[in-house]
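Each structure below is given as C-alpha cells.
One chain, subunit A, links the two complexes that follow: it is found with subunit B in the first and with subunit C in the second.
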Partner chain A sequence: MSELLVKNAFVIDPLNNINGEIMDIAVKDGKIVESVKDTSNTIDAKGNLTLPGGVDSHTHICGTKVNFGRYMSPEDMRAGRGRAQKYMYPVSGYSVPTVYANTYRYSSLGYTTVLEGAMAPLEARHTHEEFSYNTLQDTMANTLFDGNWAVMEAVAENDLKKVAAIVGWTLAAVKGFAVKITNPGGTEMWGWGKDVGCMHTKVDHFGVTAAEITDYLIRANELLNLPHSAHLHNNNLGKPGNYKCTLERMQRTPDLNDKRQTLYMTHVQFHSYGGSKWADFCSKADDVAWMINRKPQIAIDMGQVMFGKTTTMTADGPMEFNLYRLYNNKWSNHDVELETGSGIIPVLYSKKNLVNSIMWSIGLELALMTKNPWQCMLATDNPNGAPFVKYPEVIALLMSSKYRDEEFSTLQKDTEKRVILPSLDREMDWNEIAIMTRAAQAKALGIVDLGKGHLGVGADADIAIYPVKTGDIDPTQEYEKVIEGLSVTTHTIKRGRTVSKDGNCLVFGDNATIWVKPKISENYDISKDPEFIKRFERYYTVNMANYPVEEEYINRNICIETETEL
Partner chain B sequence: MKTVRLKRKDIKNPYLPVEAEKITTETFLNNDISEIRIWSGNQEKILEDLFTVDTEGEADTAEDVHIILSGDCSKVKRVGEYMTAGRITVEGDIGMHCGNFMSGGLIEIKGNADSWLGREMRGGEIICRGNAALYCGSGYRGEKKGMRGGLIHIEGDAGDFLGETLWGGKIIVDGNAGNMPGAEMQGGEIIIGKDAEIPGANMKDGVCIICGTAFDILPTFMLEDGKKNIDDFKTGFFEFSGDHANRKPKGRIYAKDYRIHQ
Partner chain C sequence: MKITDVICPFCGCLCDDLTVTIENNRVTGVDNGCALAEAKFMHTGRLNNPIIKDGDRFRETGYDDAIGAAADILKDSERPLLFGWSGTQGEAQCSGVHLCELLGGVIDNTSSICHGPSILAIQEVGHPGCTLGQVKNRADLIIYWGCNPVEGHPRHMSRYTNYADGFFLENAFRERKLIVADVRKTESANLADEFIQIKPGGDYAVFSALRAIIRGKGDILPDYVAGVAKSQLERVAKMCLEAKFGAIFFGLGLTMTKNKYKNIRNAIELTDLLCRHTKFTITPMRGHWNVYGSNEVMTWLTGYPYGVDFSRGIAFYNPGETTAIDILAKKECDAMFVVASDPAAHMPKKCAEHMAEIPVIQIDPHINCTTLLSDVQLPVAVTGIETPGTAYRMDGIPLRTKKVIETVYPNDTEIIDKIYKKVLEVQKK
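This part shows the complex of A and B:
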C-alpha cells in the first residue's frame, strides 16, 4: 500500500482539459486517486511544470536491427559513457546506445511509455528480451506485416477476413501491439533486388500492389478492433517527389474509427519531398499539411531531423541501399524469411548540406502547419532523424520563431529558396507541446483507457516534473531555458514510484509490455488452416510450434483482449 | 628545460595494467605532482605509488618538458595521450595506446611498442627502435579516420593491420609488416622496408610502398604497365592501382616484388 502526494504541481493535462492549474496529485498503489490519507510521502513540485509521463509513439530502441546497429558502429560507443551508480548500470553509446542508456535517458526526459517502431515477427523474442531490460518505460512493439507472404496471398484472393485472421494470430503469437507496414511490398521486392516505387506497382510473384496491401491491412486492423490504427511507413521514403505518393495514400484512407485516427503515418518528414531529383529537391510540407488538415482520419509524426551524427535503421531495405550509395559508408542488410527485411547505415546530417538543411526545415513546417496538434506527434523517428535526447531542442524550435530564425541563418544558403519555414510565425504553447509529446500519442496508440497520457483519477501514476516555471520564462525568447528545463526532470514518477530524480535513477525499475490478443473464433483460427501450416513447414526455418513467444519472455505484461468480428 | 625521470617501481604482479594517460608533457608543467592520479588495475593510485619521480629544471611551456620513462613499462598504457609538444623517451618497452591522439612533440621508444601505437595521431613524431605490435597508426574499432598526420618510424617489424584506416601522415617500417597493412586507407603514406602481406585492402587513396615482397596482392588491384622509380634509391617497382572494389579508387601500391594468392 504505497501512497504518494505531489503538492503544488503546475499541471497541464490536455486529455482532461487542464491547462496550467496548481493542484495536488494523489497516488495510491500506482494509480491516481482523489485523495490520500497518508501524507508522509510527499513531493513538493514547487509550482514547476508537471505533465503526464511522456509517450513516444515511434522509436527504435530494442530489437535485432537496433542491436545490429550496435554491432556495426563500435565507434558510437565512444560517446555517451556513464559510470555505474547504485541503481544504474554503466552505459555507453549515443545514437545506438545500450538498452540501459536508452531507458535512463528516456526516463530523465520524463518519458514513461515507448513504442518500438518495427519488430519482425520472427525476431520478436529478441525484442522482448531487450524490453525486459528497458526497465523504466512500459513498452509496446509494432509488428511488421509489409512483406508477409500469407497476408499478400490473402490480399490477392481478396479475402479481408483471412488477412485479419493472419494478423490477429500473428500479433497474439509474437506479443505485438500494432500493425506496422514498412514500405509495403518493397521489402519483398528487395529480395529480388528491386523496389516497388510508388503504390501501384505489382509485387512480383504475388500480383498485389502496395496500395492494396495497405488498404486491406487498414480494414483488417479495424475488424480486429485493435487499440492502435495501422502504422504506416509509406513507399518511396526519402526520394525527391515522393509527396505525391504520400498525398495519394492519405486520399485513399477511409475514416473507419471515431475514437482515433484510421491510419498513423510515421516520419512524414521523409515523405514530403518535392522535385524530381536531388538537384531540384524542395519541401512540399505545405501540400502534405494541407491534406492532413482535411483528413481527421490521419495522424502523423514529424520524423524531425536534427543535425549531427546518427544511425538510420529501418525495415525498408531498398531505401537504406539508396542511402548507402549516397554516403558510401558502412551498410548492413538483412532479410527476414517470409516477412520483411531491414537495412542500417550510419549517417551525418550536416548544416552545410542543402538536402539535410531542407529536411530539417520540412519536419518543422509539418508540425507548424498541421493545425490540430492532436494529429501531429513530436518524434524524430529515433535514431533515424536524431537520437531522442534532442527532443527538448525540437520543442524549443517549435516554441520559438526566434530560435528557428537563428538556426536557419546558419544553414546552407540556398535552403530559403526551397522551403517556406522562414515565413511561418506560429509559436506553440505549453499545452500544444504537452499534446504533441504525450496526450496525442497516447490517444493515437489507443492506450488512454489503460491510463496512459493523462492524470485523471484512475490513470497510471506516470508523472514528469520539469524544473520549469512556465510563468517566469518566455519560451519564444528564452529558448535555452526551455531546452535546459525539459532535458532533465526533477522527478519522473512511474506507477507511483519516483524512478528518476535530476537525471539519476533511483530504482532498477520494473516495466510492463503491452500486447494485444484479438479474440478470434475457431473458424478463423489461421493456425489450424492446412494451407497456412503447409507454408510454414515448407518455407520457414522454424517450426510453427516454436514460433510464438512464450509468456516467460514478458514478465509483467498487460494484455489487451479485443472483441473482433471474426 | 625540465627533465622528469620516471622509474617504474617493481610490483608483485607485473601483468597489472596501468592507465597512464596523465603521463604527458602538459601534466608536468605543474610542480605539484601529488595530485596526479593513475589507475592501476581496479585501484586509483597517485603517481608516486607506481613510479619514482625525479625532476630537474623548470619549464613554462610543454615544449620544454622531457619525460624519461624507465623500468618495466610494458603494461603502462596511454602514455603521451593528447600530447601537443615536448618530448618523451622510453628506455625500454611501452604498453598499448602510446601516443593516442598526439598532435605534436616527439616520443622515442628504445624497446618494443605494444598495440595501437600512435592511434589516431594528428601530428608530431614517434620513433620506435624496436618492434611495434598490432594496429600501429590505425583508428580504433569502427572509426573511419585513423592517423591523420605526423610521422611514425619503426626500426624493427610492425604487426598486423599497420595503418588501418590511415587518413594522412606517414608511417615508415624498416623491417617487415604483418597482415593487411594499410587496410581501408584513404590517404597518407606507408613505407615498408621488407615484406608485407595483403597490402591496401579496400584502400581508396594513399600510397603503400613495399620494398620487399608483397604477398597475396588482392585480385581487386590492377597491375599498371612498366616499372616505376619512386626516388633514386627505390627503383624498378611494380605499380598497382586500387582497390577497385571502390568506385574510382586513387590508391597506389608499389612493390619491389609480388605474389598473387594461389
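This part shows the complex of A and C:
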C-alpha cells in the first residue's frame, strides 16, 4: 500500500537510545519499517529535529466538563477564532477551544496521541462523541472511580477482587482506558457540600478513607493488568501545606510493576505547597522531588502554570468551589450520581500575584529536581495550568536558566523568599525534552507496545519534524528560537500520512480510540451479580442496559484485552 | 414483541425505562411512559413522501428530486437560516453545523426561544448543577420555579424528585419537602408544602428578597414582595438553610417572563449563596428531548451553544442579532432550513410572515404549521422510534435512543448529508 521515506532526519528517539543521529525513516502502511522500495513519496527533513509524535498523558480536551467550559465562556471563544481552510473547519477558543481547534493546534505542535484526563463513566458517550472529531490524534480516556459507590462498598468489605471486578466491567462498558482517581472520597462528600481533606477522614456513610480507596484501586489496577497505572489527582489540591499529603501518598505506594510506575500522580505542582495559609504559602517542590527520586514506583506530570488567562476544570468539585471563593468570578459545578463530580472556573495567573508566581516556580522546580526525566512528564494539566499551546515556552524554560532568570526578575518580588528556583542551574537537553514530551509519557501510559512514543521498526509512523537544527542553536541562550522552532512543525506525520505541514492541516484525519477490556471470568462478572444489578437499577437514573457505550461511538478503535487474575 | 429499556424521545427527562409492545411493525402499547410518551410512540399520521410546492399546491415527489430542490434553494441563498434541531438526533445536529458552515449561513436551535436566557445567565455567573440522580438520592428539598412538571414533564417527580426512591432517605416521599413558585396555582402547586404565588414579572424581586434574608439583611424588606408575604419568604429561606441538599428546577416561567435572563442570574446567585451554607443545585427543565444535545453539539463544534453566524468565515455569536427570531423579524434571511421543529406555530407573526415570503425547506416526519409555509418538505424516520441516535438529557447525560420498529424513511442525518454533498457538488461547478 502506501510507502513514505523521511530522509535526512536528525532523530532523537529515547526509547531506542537514539540521541541525535541523521537517519532515514522508512514507513509502510502506517508503520515504521526497515526500508521501502518505492521512494517516490519522500520528505526531506533537511537535518531538522525529528521526534516520535508527541504524547500528552494528561489533558482536558473532550467531554462533559470541557464542553461546559466552552458553553459558559463565549469570551474565551472570541479569544481564538480561526477561519476555515481546505481541510480545516473554522475554530473558536483559546483555553477551552472547540474540538477542531484542539486537534489542529496539537497537530501543529507535533502531538499525535492524547489522553483525556477525566471522564465520568455515566457521561462517557459524550467524551467519545467529541473524540470522533479530534481526528488528528489518537485518543483515550481516564475513567473516574474516586466516588464510585460500588467501589467504596467493596473497599469497606475489604474485597479487592470485587473492586477489580467493578473497575474491569466499568472500563470495558464505557470504553475507558485507565483508572482515574480525583480527590478520592472528596467528590462523594461534595454531594453534601463537604470534602475529605487528607487522607484518613472517613467518607460519610461509606466509612472508607481516601487512602483506602486509592490503595485498593492501585492494587485492583494491577490485578486487571492494565497498560497504565492508577492515575491519581490527590486530595487537598491547591491548599497550602498539601505537600505532606503528597509525600504520604507516595510513601504508602508499593512498587508492584516492573514495566512502569505503580502510581501516576498528576499535576503535582498543585500538590507541592508548603505553609499553613496563603500568607506563608511557599514551595515544597524540593521535598516532593526528593521523594520521587527515591520512589521508582511513582511517575508525575508537572502541572506547570503559565501566566495569563485560562480556565480551570476538574472532577474535583470542592476544590473548584474553594478556588471560586478566592476569585469570585463565575463557577460551574456538575456532580455525577454514584460516581464523581466536577467544577469549572476561569482564572488569571498573574506575575503580580505572589501565590501565582510561586506556583509557576514550583512546576519548574519539580521538573528540574526530579533526577530521572522518565518520572516527570511535561504537561500543564491543559488548560488548568495553561493551555497546551504554551508547551514550547515550558520547554524553553527547562532548557535555559537564563530564560528562567529573566522571567523570574519580572515576578512579584517576594517570590524569591518562598522558592528555590533561582538556585537551580540544571538545563535540560533535547534528549531529556524528548523523554518528557513523548517517550516517558508513552511508557507511563503503557502504550509503547502499541507502537507509541518511539520510532523503532514496527512502531506507528507518528513522527514530528521541527524546523530546528539543534547544532545551530544554543538553547541555553537562544530560547526564543527554541520556542519558535517547537511551536509549529514542518511536518506532523500520523500513521504514515502527513497530517499537518507548517501549521496547516492536509487531511481531515481519522483517529483511533484506545480502550481496555480486561478478561474477567464468569465468577467475577459483576454485571451478573444480583445485588449489583439491584442497586444499579434502584439508584442510578439510567437503566443498566442503557449504560454501556455502544460500538457506534468508537468506529475506529484499538481494544487492549488484558489477562487478569479474576 | 416487547422491547424493554426504551428511551422516550419526547421531553428533556429522557426516561429510559419504557417497555414498548410491537405488533406487525407497529407500536401497540407503551408501558411505564407518561401520556405524552404514549402519544408519541403510538402516533401514526405522517407525510408519506417528500412534497414540493407547485403553484399554490403541493405535489409529491421522490427524495432525489426533493434533495436537489433543497440544495438549489440553499446554494442560491445569500443568508440562509438553519433552525430547529431540538427534536432530532445529535448526529444530524453535527451534520447541520457542517452544512451551515459550508453555506456561510446562520444556525440556531430552539433554545433561543426557550432556555436561551438561562444560557446567557450561565455565561455571566456559571451553573452549579448536578445529574438528576444526585437529586434523587440526596435531596430533601425540591423547588420548582416557573414550571409545572405534573403537566410539562409528567415523570420528572416520580423518576428524579419527590416520588423517587432516594439512597440517603429512609422514606423519600415523606422526608422531601416541595416548594413551588409560580404566578398561578398549577397542578404541581397543589402538591407543594409551600406554594409561593408571585405576581407576574415579580420573580427577580422575590429572589433578591430571599438572598437578602439569607444574608441577614431581611430588615430592609417591605411586608410584601411581588405579592409574596415577607413571613412566607422567611419561612422559605429557613427551609432552604435547613435542607441538607436542595435542588431548584426552573422553566420558561422564569426565562420568558419580565427580566428574562436576569431572573436566572438571580436564581443562580441564590443557589451559589446557599452553597456557602449547605448543598444546593439548580437545573433548567429543558423541554424538547434533545434540545440540550443541540447546545452540546453546537458548542463542541463552533464554541457557542446557539445563534451562530458563519457568514464571515468564522463562528460569530451574538444573541439578539444572530438568533432566529431577530433574523426573521428583520427580514435578513433569504431562505430557511427547518429541522425537527415547528417555528411557524411558535414564533411571532412577523417571523411567520417573512417565512411565507422566502423559500423554506422542512425536514420533519409530520405535517405541521411550518409545512404550510414550506416549499419543500422531506419526511424522515422518527429518531428514538424508527432510527437510533444520541440525545442529551436535561442534566447533560448522553443516551442512545433506540430503533424499535422498521421504517422505509431515511433519517435526518442521511438527508442532511445528502444535501451537503449536493451543495458541495454545485459549489465546485
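Rule of thumb we're sticking to: the second predicted complex is superposed on the first by the 566 of 566 C-alpha atoms of A that agree within 3 Å, B and C clash if a C-alpha of one lies under 4 Å from a C-alpha of the other, contacts with A are read in each partner's own complex, and residues count from 1 in each chain.
Just so we're on the same page, contacts are C-beta pairs under 8 Å (C-beta built on N, C-alpha and C of every residue); 3 or more make two chains touch, one makes a residue touch a chain.
Nothing here was measured: the structure is a model prediction, and the numbers come from that model.
Asker: Considering only touches as defined above, state whether A:Tyr87 meets subunit B (first), subunit C (second), both or neither.
Answerer: So A:Tyr87 meets neither subunit B nor subunit C here.
Asker: In the overlay, answer first, second, both or neither for which of subunit B and subunit C A:Ser73 touches.
Answerer: Touch partners of A:Ser73: subunit B and subunit C.
Asker: Between subunit B (first) and subunit C (second), which, if any, makes contact with A:Trp331: first, second, both or neither?
Answerer: Touch partner of A:Trp331: subunit C, not subunit B.
Asker: Looking at subunit A, does subunit B or subunit C touch a larger number of its residues?
Answerer: Touching more residues of subunit A than the other partner does is C.
Asker: Would you check which partner chain A:Gly191 touches, where first means subunit B only, second means subunit C only, and both and neither mean what they say?
Answerer: second
Asker: For A:Trp290, decide between first (touching subunit B), second (touching subunit C), both and neither.
Answerer: After superposing on A, A:Trp290 lies clear of both subunit B and subunit C.
Asker: Can you pull the subunit A residues that subunit B and subunit C both touch?
Answerer: 72-74.
Asker: Using the touch definition from the top, list the residues of subunit A that touch subunit B in their complex.
Answerer: 72-76, 78, 328-329
Asker: For subunit B, which residues are in contact with subunit A within the complex?
Answerer: 140-144, 247
Asker: With touch defined as at the start, can you tell me which subunit A residues reach subunit C in the complex?
Answerer: 62, 64, 67-68, 70-74, 77, 81-84, 89-93, 97-100, 122-123, 125-126, 129-130, 133, 191-193, 205, 321, 324-325, 330-338, 344-345, 538-543, 545-546, 550, 552
Asker: What part of subunit C is in contact with subunit A in the complex they form?
Answerer: 4-5, 7, 16-17, 90, 94, 98, 101, 119, 122-134, 136-138, 159-160, 165, 167-168, 244-245, 272, 275-276, 278-279, 281, 295-296, 299-305, 310, 313-315, 317, 388, 390, 392, 396-400
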